[in-house]
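Below, each structure is written out as structure tokens.
Next come two complexes, and both contain chain A; in the first it sits with chain B, in the second with chain C.
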Partner chain A sequence: MKRLVLLSAMLMVVLAVRAQSFIENAQINGSFQTDAQVYMEDDGIGITSESIDGKKFAVNGFGKVAYAYGNFSAGIRFEAFQPPLNGFREELKGAGLANFYASHDNGFIGITVGDFYDQFGNGLIFRTYEEWSLGMDNSLRGVRTVFRPIDGVILKGVYGRQRYYWAPYRDRDMTISDERGLVRGVDGEWDINQSIQSLNDAKFRVSIGGSFVSKQQEDQSMFYYIPKNVGSFAGRINLGYGRFTFSTEYAYKINDPSAINNYIYKEGQALLASLSYSQKGLGIVLQVKRIDNMSFKSMYTAQENDLDINFIPPINYTHTHSLPSMYTYSTQPNGEMGAQFQINYTIPKGTPLGGKYGTKLALNFSQVNDIIRDSINDNGMMVLNMPGTDGYKSSFFEASGHKFYRDINFEIDKKINKSWHVNAQYINLFYDMATIEGHVGMPDVEANIVALEATYKINTKNSLRLELQGLWEKINKNSDVDESEKKDYLKRGDWAFALLEYTFASRWFVSVADKYNYGNPFSEYRDHYYTGSIGFVKDATRVTLSAGRQSEGVVCVGGVCRVVPASSGFTLTVSTSF
Partner chain B sequence: MKKLSLIFLLAVAALFVVSCDKVDDPLKPVDPVYPDDSTGVKTVLIKDFTGVRCPNCPGAAETVHQLQHLYGEDKVFIMSVHAGYLAQPAPTFPDFTTEEGTAWYGTSDSNPLFNVDHVDLASESLSVNEVDMPLSNALSEKQVFDIEIINNYDTATRKLTTKTNVKAVSEAEGNFYMTSCLIEDSIVGKQLTLTGSDTSYVHRNVFRKTLNGAYGVMFKEGYVYADEEYDRQYEISLDSEYNADQCYILSYVFDNNTKKIYQTAMTKVK
Partner chain C sequence: MKKLALFFLMVLATAGLYAQTKNDLPNVTIKDLAGKDVNIATLSNDGKPFVITFWATWCGPCVKEHNALSDVYDDWKEETGVKIFAVSIDDSRSTAKIKPFVEGKGWEFDVLLDTNKELARAMNVNNPPFTFLFDGNGKMVYQHSGYLEGSEDDLYKEILKIAK
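Showing the complex of A and B:
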């Protein structure tokens, strides 16, 4: 008995010491964010008690904490959408532990169990990620292993089921609306220069990689044989020589009939290639891509961006100004072909045009077209994109004349002196609204946009920023449009935007802005969207309170978009991290 | 380490081998489930609420036509009702909208929508994937009425006299109405599809109008007993734009309290 007591006491001392060590030598970090909105009626922009439908207050919030001790790490994330903000999917409504994991990685081998995020190559056949501003989370719950047998070689394996809002993870008794499949994948990457010592510092650099991802799903279709296992593979290569870099990835997916591709059995293909050159003061990038039937979801009936296993990177300029970002391109997984060219040049300091601080110039061109689709012979009948067939045939190197998007923009950024900093941008935009937003029959957007920004630093703690933007669109102002279609024109026509922001005492800022749709084809939509904001920033804590109107628009991150309806009221955002 | 690498490679190879199912023949075999003999010739109407600017509608219509083929074209009728936002008139697109279709569509807000043996979307609204079960159930129901349509069409004057005879074959209680509809099949016109506009799309069984209002006329309130018969006769002039060779009269009997359709018949005008 005495021995048992002694043993227990010793064990407790050891545990206490270990526990102390687990706390004192650990790293803990976390972040929290709350976005809350109060919705109010506003007859001026058509927001009535019926359109609010009783939803006067909405909150999206999350808190996550990560713990690391030596080779061990673990974390949790709690989310609450009570109810979700306007524009977020109603399926998000609820609160709970959305994500948790534990991981051990000793540099040679690493294992993660729980919910995890990862990406193979560019993500053409596998990428799980979380994007708070979109309400998107396609994490895998399962096991992830990483194996590094020699320097420069990384092998990965993933296995699990994807998050689908708050649907429980279960294998049996699944309803039709929750028939998520299992996702399995492996990836290998070899950095040849890192593996071979004599090539460590070589001018010529090579790395190659390959991945294979498969989903296993249940066939619940009455009409079609849905493949139970859908495999996809991708190969990639990165080459570098001096200032040049070339990278490319090709992906292939076998027959994967789904609600997105209209249940066709055609194979999917994707190609992404990028060539870049950089030196001090000059950067040039050329990118091309072709996507053909590459929606890859772990549930074949899933719609929109739900349960995406893969990710199709956009190759378009990401606009940050308010007016051009109303027309942001959303990638088309059923087919698109695009190219982007970007050149950045800094006029050196001390030259007449460069001045004391240099002048930054940037030119960007990007265009995305549809792919060509020709009908095929299916058992003696010519069909095009018909369910239960191979759908269509498409020439790999030819683009259709149907243009989805084109953006030509030029930007000058100049620090004039210690007090003044100015930025100007011109944008010429083409946007196929019918395809990108699904507003069938809508005319294309062809717009010229100018954005001017000036910052005046009054002293080290106070500054003033002015932003002016104008958007001019070629649209018939006397459009003969049916009454029921008018709402699709809510953001069409000419716009003007102005913002004045004053930052004081380093930590506070206050701003007023107005966005005016003065050239809308319909007089009833020529509205002002005015907002006033006040905010406080200290270290990693930011608090912002805004009041006013929000115009209808889209929020896009990485080519994935969600529609934000017009609203009026107050918005409070609080975020902090440690 | 070599062992670990070998295990990893073997796992990868196994994954490759088992993880691809190529489907050579995607269509499942037709295995119709016809009603029992005791249920007689119960017929079912599927209303397809569609639109010329609805890119998902052609695929959904195809799916429902496969169902019709599966269960028998003599037992399942499809009527394409163009209604809703995506059916609204637009330049270069044909206008198939009707007052009756708009009434049946009601406050719905999308296309394609369907119902099975129901008058309007307020009484039943289904997505294309939900049609199968109600259709199978409806076909298994006991037959209550028989409908016979007799058409007399004068090619010269384009005048149509149509008579619908309703005969009860078993006892039932309800507030029974009958609606007669004019349908035109195989109209070639522009339709938006998932791959763009198809200017030579064949619109099947397009609802043109009713002969007696969106909610028909009453013929019996309360009990009907076997062998009770009722008939209604209508005379109309066929619009010059309609192809009489492709026109049909479709009549159905329904209970106005529940908006449930009991029986449907369809007969060519000529």
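Showing the complex of A and C:
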């Protein structure tokens, strides 16, 4: 017995010594964020105790810690939604360990076990990611391997099942709780210039890549035959010559009937292409895309953004100002065709128009239309988009006349001197609200928007910033709108926005803002949405407290959107990392 | 599950107390604008300090911060030899636009693309903009969340402290 104790003690000492080096040379870091809201009734903007449904307080929070030692790393993330903030999915309610992984990567071969994120190419057939501000997390739980046999070549393999809020794939008694499929994928990329030494710094650059992803699912449908395996593949190429870059990716998916595509058996296709030119002070880019029936989810009954295996990037401009971002385009996975053109130009310093610091100009045009859908012959009957059939025929190079979105905008940004900085943007926007927000029968939004911003630096530590914006729409206070459709017109009509912000000691900021729907067709909706905020930033810590009204709106990140209902009350955000 | 999480947290937190960091750069590989792989753990600036910033084309304060940094970058390089790596966390919607955007704005930073936020996660960047300062040995000496007017002056003070 004594010997055993001694042995154990020795073992412990040895382990401790080893562990110490495992600890002393390690990197430990983490971060933490809490977003909390207190909701209050507010008759002025129609928020009653029923509409807040007894929800007086809500909090979203996460904390994560990661450990790295040489080639080894591991991490965990804890999340709590008690209950989730307004506008987040109720399925998020709860708390627990949302993500954990361990990974080893020596540069030649890498393996990750646990919950992981990755993307193949542009993500057309595979992308797992996490976006806190949307409550979005489609991580795969399983295994990921990365293999880099020679410089410039990367081969990847992924295998697992996706996160679906808090739902476990298997219950405690090991019965399968939902029809979530198994996702498997491989991807390869070869950067030829990186592989061949003599081409390392060549003017001509080429890289190619390809991927294959499949989901394996159980057929639990009583009405349709659901394929057990749905495969998809994609190929991509990047070419560069001097200042020009061309890149394209094409993806194909076999029949994949789902709730999103109305259970049709058509194949899916996606094409993205871009051409750009750039030199110092000038950048030009043209992008085109076509999406046809490309919703790809690991559960065929899933709705909205749930269990997305792929990511279809929108290619329009992302607005940062408050008024234009009320009407943000979100990707239509069942079909869309679009183009975008953007120029960034800086008038050089020292010229009459450029002044001392240069003047920055930007022009952007984007438009997205629907695709054409022609009826097909199904056993002697002409049908269009009927469940259980091949759906429709669509000509690849033609777009429908049905416009979803168009945006033309122009921006000037100018630093006048050490104290003054001004920015102005004009936007002309077309937004098919009926399609994008699913309000059937709603007239399109056709708006002109002007946003002006001026910053005055009082000294190195204190500054003032003023923002003024106006949005003028086709629908306004003079429009004749049927009283029965009133509720859909909550945010329609003309808007004005003003914000004043004071930053002091380059740590603190206070701001007051008002957003006023003065031109709503309904007088009861001509509301002021005023807010006041105070915030503090030091090193990696950020604390913001705001109070006031939030208008109904859409928060979008990368074309994935979340609707935020109107609310009134307080919001506290604390974010830090170490 | 909760207990397990708590246990893990405690273990890691304890380990954190003892951690003596030698190099704070994570072992993550992302791409530069030419499509070349860059392993962040190998970033350096010949023994001189360097800055890693996180930004996105859709983030107003980020663009402001980088415009401000761009105005002073030549002076900073001359005085301290500092180098700025500007990591874009734009997703694939904007990958093709980054190069024309950066060049069109006249920014001269070394721009890297973190298309699926792998580096941002490894470095605990919750929201952009986010700025890190590293000394010549790759040890992190300063970090800052967000951008307020004058943030760049604070950063420069920190750079001056470690520049030889």
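As a convention for this text, the second predicted complex is superposed on the first by the 552 of 578 C-alpha atoms of A that agree within 3 Å, B and C clash if a C-alpha of one lies under 4 Å from a C-alpha of the other, contacts with A are read in each partner's own complex, and residues count from 1 in each chain.
To be clear about the criterion, contacts are C-beta pairs under 8 Å (C-beta built on N, C-alpha and C of every residue); 3 or more make two chains touch, one makes a residue touch a chain.
Owing to the predicted nature of the structure, the values given are computational and were not obtained by experimental measurement.
S.K.: Evaluate whether chain B and chain C can sit on chain A together after superposition, giving fit or clash.
M.R.: fit
S.K.: With both complexes superposed on chain A, which partner does A:235 reach: first (chain B), second (chain C), both or neither?
M.R.: neither
S.K.: With both complexes overlaid on chain A, does A:311 touch chain B (first), chain C (second), both or neither?
M.R.: Second partner only.
S.K.: Identify which of chain B and chain C touches the larger number of residues of chain A.
M.R.: Comparing touch counts on chain A for chain B and chain C gives C.
S.K.: Applying the document's definition of touch, where does A:519 land relative to chain B and chain C: first, second, both, or neither?
M.R.: neither
S.K.: Check whether A:460 is in contact with chain B, with chain C, with both or with neither, and answer first, second, both or neither.
M.R.: Second partner only.
S.K.: So in the superposed three-chain picture, is A:207 touching just chain B, just chain C, both, or none of them (first/second/both/neither)?
M.R.: A:207 sits against chain C, while chain B stays out of touch.
S.K.: When the two structures are overlaid on chain A, which partner does A:541 contact: first (chain B), second (chain C), both, or neither?
M.R.: second
S.K.: Examine A:386 and indicate which partner it touches, taking first as chain B and second as chain C; both and neither are also allowed.
M.R.: Only chain B; A:386 stays clear of chain C.
S.K.: Just checking: does A:46 make contact with chain B only, chain C only, both, or neither of them? Give me first, second, both or neither.
M.R.: Neither: A:46 stays clear of chain B and chain C.
S.K.: With both complexes superposed on chain A, which partner does A:223 reach: first (chain B), second (chain C), both or neither?
M.R.: first
S.K.: In the superposition described above, what is the shortest C-alpha distance between chain B and chain C in Å? Please give a whole number.
M.R.: Checking C-alpha atoms only, chain B sits 21 Å from chain C at its nearest point.
S.K.: Can you list the residues of chain A that touch chain B in one structure and chain C in the other?
M.R.: On chain A, no residue contacts both chain B in one structure and chain C in the other.
S.K.: Can you name the residues of chain C that touch chain A in the complex?
M.R.: 1-2, 4-5, 8-9, 12-13, 15-16, 18-24, 26-27, 34-37, 39, 57-60, 67, 71, 91-97, 99-106, 108, 115-118, 121-127, 130, 142-146, 148-151, 153-154
S.K.: Taking the touch rule as given, give the residues of chain A at its contact with chain B in the complex, in rising order.
M.R.: That would be residues 109, 147, 149, 155, 157, 176, 184, 186, 212, 214, 216, 221-231, 254-255, 257, 262-263, 265, 301, 334, 370, 373, 384-389, 392, 402, 440-441, 482, 484-485 of chain A.
S.K.: Which bits of chain A are touching chain C when the two form their complex?
M.R.: 20, 23-31, 33, 63-68, 70-71, 73, 76, 78, 95-97, 100, 105, 107, 117-119, 121-123, 127, 129-130, 132, 152, 154, 191, 193-194, 205, 207, 238, 240, 245, 247, 274, 276-285, 287, 311, 313-315, 318, 320-321, 342-346, 357-358, 360, 362, 413, 415, 455, 457, 460-463, 465, 503, 506-507, 509, 537, 539-542, 558-559, 575-578
S.K.: Can you check the complex and tell me which residues of chain B touch chain A?
M.R.: Touch residues, chain B against chain A: 1, 4-5, 8, 11-12, 15-16, 18-23, 25-28, 53-56, 59, 62-63, 66, 85-86, 88-90, 93, 129, 132, 192-196, 198.
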